[in-house]
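Chain naming follows the written order as A, B, C, D, E, F, G and H, and within any one chain the residues start at number 1.
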Amino acid sequence: RRLGFEEVIFGASKSVALLSDLLKDYVEKNKNVLITKLQAEKAKHLLEDFKTAFYDDESEIFMLSHHEISDESPTRIGIVSAGSSDIGVANETYYTLEYMGVKSEVIHDVGVAGLQRLLDHLEHLKTFDILIVVAGFEGALPTVVGGLLPQPIIAVPTSVGYGTAKAGETALHAMLTSCANGITVVNIDNGYGAAMSAFRMLNLIEK
Amino acid sequence: RRLGFEEVIFGASKSVALLSDLLKDYVEKNKNVLITKLQAEKAKHLLEDFKTAFYDDESEIFMLSHHEISDESPTRIGIVSAGSSDIGVANETYYTLEYMGVKSEVIHDVGVAGLQRLLDHLEHLKTFDILIVVAGFEGALPTVVGGLLPQPIIAVPTSVGYGTAKAGETALHAMLTSCANGITVVNIDNGYGAAMSAFRMLNLIEK
Amino acid sequence: RRLGFEEVIFGASKSVALLSDLLKDYVEKNKNVLITKLQAEKAKHLLEDFKTAFYDDESEIFMLSHHEISDESPTRIGIVSAGSSDIGVANETYYTLEYMGVKSEVIHDVGVAGLQRLLDHLEHLKTFDILIVVAGFEGALPTVVGGLLPQPIIAVPTSVGYGTAKAGETALHAMLTSCANGITVVNIDNGYGAAMSAFRMLNLIEK
Amino acid sequence: RRLGFEEVIFGASKSVALLSDLLKDYVEKNKNVLITKLQAEKAKHLLEDFKTAFYDDESEIFMLSHHEISDESPTRIGIVSAGSSDIGVANETYYTLEYMGVKSEVIHDVGVAGLQRLLDHLEHLKTFDILIVVAGFEGALPTVVGGLLPQPIIAVPTSVGYGTAKAGETALHAMLTSCANGITVVNIDNGYGAAMSAFRMLNLIEK
Amino acid sequence: RRLGFEEVIFGASKSVALLSDLLKDYVEKNKNVLITKLQAEKAKHLLEDFKTAFYDDESEIFMLSHHEISDESPTRIGIVSAGSSDIGVANETYYTLEYMGVKSEVIHDVGVAGLQRLLDHLEHLKTFDILIVVAGFEGALPTVVGGLLPQPIIAVPTSVGYGTAKAGETALHAMLTSCANGITVVNIDNGYGAAMSAFRMLNLIEK
Amino acid sequence: RRLGFEEVIFGASKSVALLSDLLKDYVEKNKNVLITKLQAEKAKHLLEDFKTAFYDDESEIFMLSHHEISDESPTRIGIVSAGSSDIGVANETYYTLEYMGVKSEVIHDVGVAGLQRLLDHLEHLKTFDILIVVAGFEGALPTVVGGLLPQPIIAVPTSVGYGTAKAGETALHAMLTSCANGITVVNIDNGYGAAMSAFRMLNLIEK
Amino acid sequence: RRLGFEEVIFGASKSVALLSDLLKDYVEKNKNVLITKLQAEKAKHLLEDFKTAFYDDESEIFMLSHHEISDESPTRIGIVSAGSSDIGVANETYYTLEYMGVKSEVIHDVGVAGLQRLLDHLEHLKTFDILIVVAGFEGALPTVVGGLLPQPIIAVPTSVGYGTAKAGETALHAMLTSCANGITVVNIDNGYGAAMSAFRMLNLIEK
Amino acid sequence: RRLGFEEVIFGASKSVALLSDLLKDYVEKNKNVLITKLQAEKAKHLLEDFKTAFYDDESEIFMLSHHEISDESPTRIGIVSAGSSDIGVANETYYTLEYMGVKSEVIHDVGVAGLQRLLDHLEHLKTFDILIVVAGFEGALPTVVGGLLPQPIIAVPTSVGYGTAKAGETALHAMLTSCANGITVVNIDNGYGAAMSAFRMLNLIEK
């Protein structure tokens, strides 16, 4: 546990054999571990050997022994997604936070093309400490949210879209050039990174 | 006059000598002409010889004998700009429409980071036949307008911004990937093209 | 039905399970819905449960209960395609318009490398209110059409081609930089968006 | 004052005339204002009319009536710069924070090619609530800092460098792909945005 | 004289001092030389020392002792330009051919947005051995010419345009992806290279 | 047969059904046809119905009734390839020329990293009317050949390579920026286009 | 054996048939050969015919008759990898060196986000003649190593990562813009090239 | 002096004031310093205060008290440049090496388009320990040199060229994708970096 962060492995370009070895090591040491971007096919193999592990298809998150957070603990973080296609990335954030012991809530499908839906959620969104805003296509949602609410906003561009969406590059650039004040951004589809930066901020309060 | 469009010359990469020859030709034939993207330095030279011509610094539009449109004629087109830095492009649209005999109105500085300003203008925006929406930086304005209003929307990305704004590319791509229905787009800083496409649409009604 | 637009879902990055839930919801509420960019494999699964639905392989359009338009209604929109490889995008426009209750006609394979074919169709093309021009490779067709005809022209770049075609980027940029007057452009392969912007224009006439 | 943020104007693409009008308006209303990215040439003109204003050459920051922060108030934010060429961006952050009433300290020239210098500052860096890390060239500094320290880290890529530095794009992408946990990023040369996002975080603690 | 090509120097990034030395060397050896892309400012200095030299402002071509070609020799090559902004590149081709002893003719301003102008020139264009087609903006002219005429066609993209013209990249890519048969392409603004490749082809006939 | 070119179809993005219809049409009219970039899977289906057709796996060329050229006819065109991975593109040129009735010869694997091999072929290369030079990776071969030989040179970049080869873009750009005189270039992997432009040149001699 | 380099073939875009022919040729001539980037599927086929050959799944290296290097020979080259996902590229370097008769050692997973691990290896790293540093994601490792150690450093960017990692482009650009002194770089994933350049340097000492 | 490297400052983005302070500091401490990429205008100011300093216009190198190397010391490094436009970068390498106490020789204008010139120098080039090969445009020279000579080769792409030369990007990518064995590459125009990496290699021999 470096700096209070739990162990995390990037799964996308590791072989099942290598991942299996790493997991055995963690099991032996009685430690938790989270694997990100683990393809379903590879997860299937690992789940055979690590039966208590948890895997979420949408987010490709794999966790060795995950613990749900008690219902009493307060919900600190709101994860707002622009479209229902962004569910994978929203879930990556949700489960990473859970893994770090932080409770969050996902509010789905609040795209700016239908502004009313966002305005309807405004009072609810005010209750969170931090907002993580997930959007693909033109990535305009963080700008609009940032103009309406004062909390820290972590924007996550997703690779949802086609043509000029450029696999998330347009959303990324739009978020970085946002004319709303003080929005910060993480890598395309990096729901995991958004969770970790939120965790750094929560530490700040607890200090 | 091809297809009802008045003559237009692209001024940016022509020498003063060449432009002067072309203008003399138009004067002799008693014809109007509009020059786009004419640098101030070159305009200064041409204004010495063509004293009745009109030049607008912000938009770099030069017109041989321009006629203001009578106050009685209806205002058909609303030009909405996201920030006051977009004034040059908004003016290029305004003067091109004027040149084509079409009256328009510019509504400045209605950026999405301050949503209220846009909502305040909503009733007024409903009165136009066509909306031309001009925005730089992240280019989110056409998406929000497109989700609120049913008219034809012509989006014009501008090169205002820095870094990831990429000289208008990000606004362009954001507008093209907009998840609002049926927005069309023209080249970066192409206020002239937006005016011309609006002109094509107005012809459609008059038919 | 927001702003008179029927419901539309982006199908490419949603799972069958999620789409199935959404469709059930629409069926219950007795509403129509159109899904764009739905991969054939996923369509096959959905057609098993929603037997009256319509699916077109070329365009990947899926519609819950589509109604053909009566033969008497006038054909408002001409969809001109540069090559027979562009059929998928042309069909996406055609079926989206049909879904919105608008009759259109597709004129195939009128590429500029064989100019005569275009000139042969000229009289016919004059009869449409709006022209939607679909082209891949170098995307020159909208420029040539725009120089010959005065109607509103919506250009749709397609991802047809290889190498420097850059998956539609070259056609897109060529259309945006067109030196023909007043052409507007939508995203690469966005036949759906072209239909929706035509719909906005038709509303304008009806007003 | 929207959401508690003071007024800020983007100066780079506005004319002196327009800026002068805006400033007069603020003076009349007895309000503060900060202008970012104001070219020295334009600043010189404005300083003639607004004699009490403050202008910093390195950062191109212009402030109407700025107030230094009392020495007693705690220094909340550490601004770490990789090289002395990054001073402009570091200062943009510093003065924006000052404008918002927040005290910060700049630690210069702590590049990763000379790791010892960074290690020497480690104990001092631990004392800040938030770290803003500014770097051009390969942009590696936030990754190394992020691996050593647990605070929120806002990374600011700068356009310092040449060739493959690509005017800040490489530093930006390096920071976004950082394998250190939970780093967030703002636009290239956006020292202002970094300050504003730090301000959002400080609000969080005060809540 | 390598392979029958006369000496050519790339002038853009050489200092006046270096160029002056090179020219003196040629003068001493009684040889011709052509300098391409020579900025006006530098040409002015060189013309003071080399009084018989020829310099053309539009094309930035500088020639030591150029000989006009006799009126009787046949005109082998047609240089077709899309707009009058392309004159610099057309001239670079014209003077390079002249330098190589080949007579050519420039036909200006035959853009595809006004198809009739091109059709009017068709019979004349048939008389040339080779066609060099110069175009900026969307670069569609070579495609249309290539569909109408059977000669070798060398397409030259120019950097004329703005925004998505991308300093000639869009015209270049459009020409390379042309769906007309057998068009070949040279670098952006490379009128010199087009002349040289035509020279290779003429050698072929003479063989 | 437009301009003397035989019929050619782009096969990559057409369905088997559509291609089959087109082929039947040609068979009925007793015409030849060549299909380029036809995937092996689709070719297999078509070969079942069109048993006399010819298909080459390497180049993905499909021809309805192709005729080998008599051994007596002179070999006009040399196709030089840099590596044996470029065989597909070299074959595309070879078969297209054959289809047009032109005899050519492929000289394989003459990369510039082993200069001696090229120098060994020099005398043989001098015997051709036209040289088509095919290269992937850094695409340096046309430059070296162009510096040694005076014939028309058509350079064909291929998508062979990885990383910074950028799917042929680097070879393309290297060929276009070649400092050898008068090289012309076609699209990445466009062996077909190279053949067609050679055909235009051969017409020139025959005239 | 040109310049002392053993024969090497690029396997990725050659067919099994072609590779098999080439290998037979080498076997007959009693020569060694190494194939790089050979896909597992194709390797399986070749291993059936060439039973003594060696194939490594991670690096896709295939060698005809490879000889392990005696344990006594000194280990000249340290291969440092940033993450365990970089194993494929590290192995490509290792086996290529082995093929050239040079002994090396791989030190895995020394990423800069956990600086301590690197510092722990420092003394060991000092013992090598040359360091080859392999890293994906933000590619910061060579910069940090280059600031700490005086040997020649060959940096190898890998395509490990997602989004803004841009398939290795970001690591490549970061390494090229490194502010550490005198780092040289090879192509993305080019473990083979790194080995070859190390071989050139070792020759230098032996001279 | 870190790792034996003398002090070096990147001059391009530092103000004269800042540089002057830094230089005074070095003078006081009796240390040498080299400034790279120092614009002529700024150098002029600094030379007034530091009269013994050396400045080279072509390379923009500024050195405090530089010592020429004795004629007796052996010439270790050959710097080969493709064109006389590359002189600036070649000089940057030359003077940096001189600053480090290493003698080198520049061989100018050995472009591959005139292969004979390179072959003429071959015997001379064999005498150097290390070759630094500088080229702009298509950047093919290192590939050809690398195929002919066995020494370590450090390739330096320059920003000489226009259009598809892309300010050195094409030469850079061509060098990285070179099919010659074991070439390493530094940043565009980075003559300084090439010298430093040669210095690391020379240390290796001396060890």
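Heads up, the rule we're going with is that contacts are C-beta pairs under 8 Å (C-beta built on N, C-alpha and C of every residue); 3 or more make two chains touch, one makes a residue touch a chain.
Nothing here was measured: the structure is a model prediction, and the numbers come from that model.
Among the remaining chains, those touching subunit C and also subunit F are E. Repeated interface, listed pairs E-H, A-D or C-F, reference G-H: A-D, with more than half of the contact pairs matching by residue number.
Fitting subunit E to subunit H on CA positions gives a rotation angle of 90°, reported to the nearest 5.
The geometric centre of subunit D is 41 Å away from that of subunit G, both derived from CA atoms. For the pair subunit B and subunit H, the distance between mean C-alpha positions equals 49 Å.
If you average the CA atoms of subunit A and of subunit G, the two centres end up 35 Å from each other.
Across the assembly, subunit B contributes 2, 10, 83, 114, 147-148, 163-165, 172, 176-177, 179, 181, 187-188, 190 as residues in contact with two or more other chains. All chain pairs in contact, by the document's touch criterion: A-B, A-C, A-D, A-G, B-C, B-D, B-E, C-E, C-F, D-G, D-H, E-F, E-H, F-G, F-H, G-H.
For subunit C in complex with subunit B, the touching residues are 2-5, 8, 10, 129-130, 147-154, 172, 176-177, 179, 181-188, 190, 193, 195-201, 203-205, 207.
Every residue of subunit D that touches subunit G in the complex is listed here, in rising order: 82-83, 111-115, 137-140, 143-144, 146-148, 161, 163-166, 169-170, 172-181.
Contacts from subunit H toward subunit D in the complex involve residues 2, 10, 12-15, 18, 22, 37, 159, 168, 172, 187-190.
By the touch criterion stated above, subunit F contacts subunit G in their complex at residues 57-58, 83-85, 87, 114, 160, 162-165.
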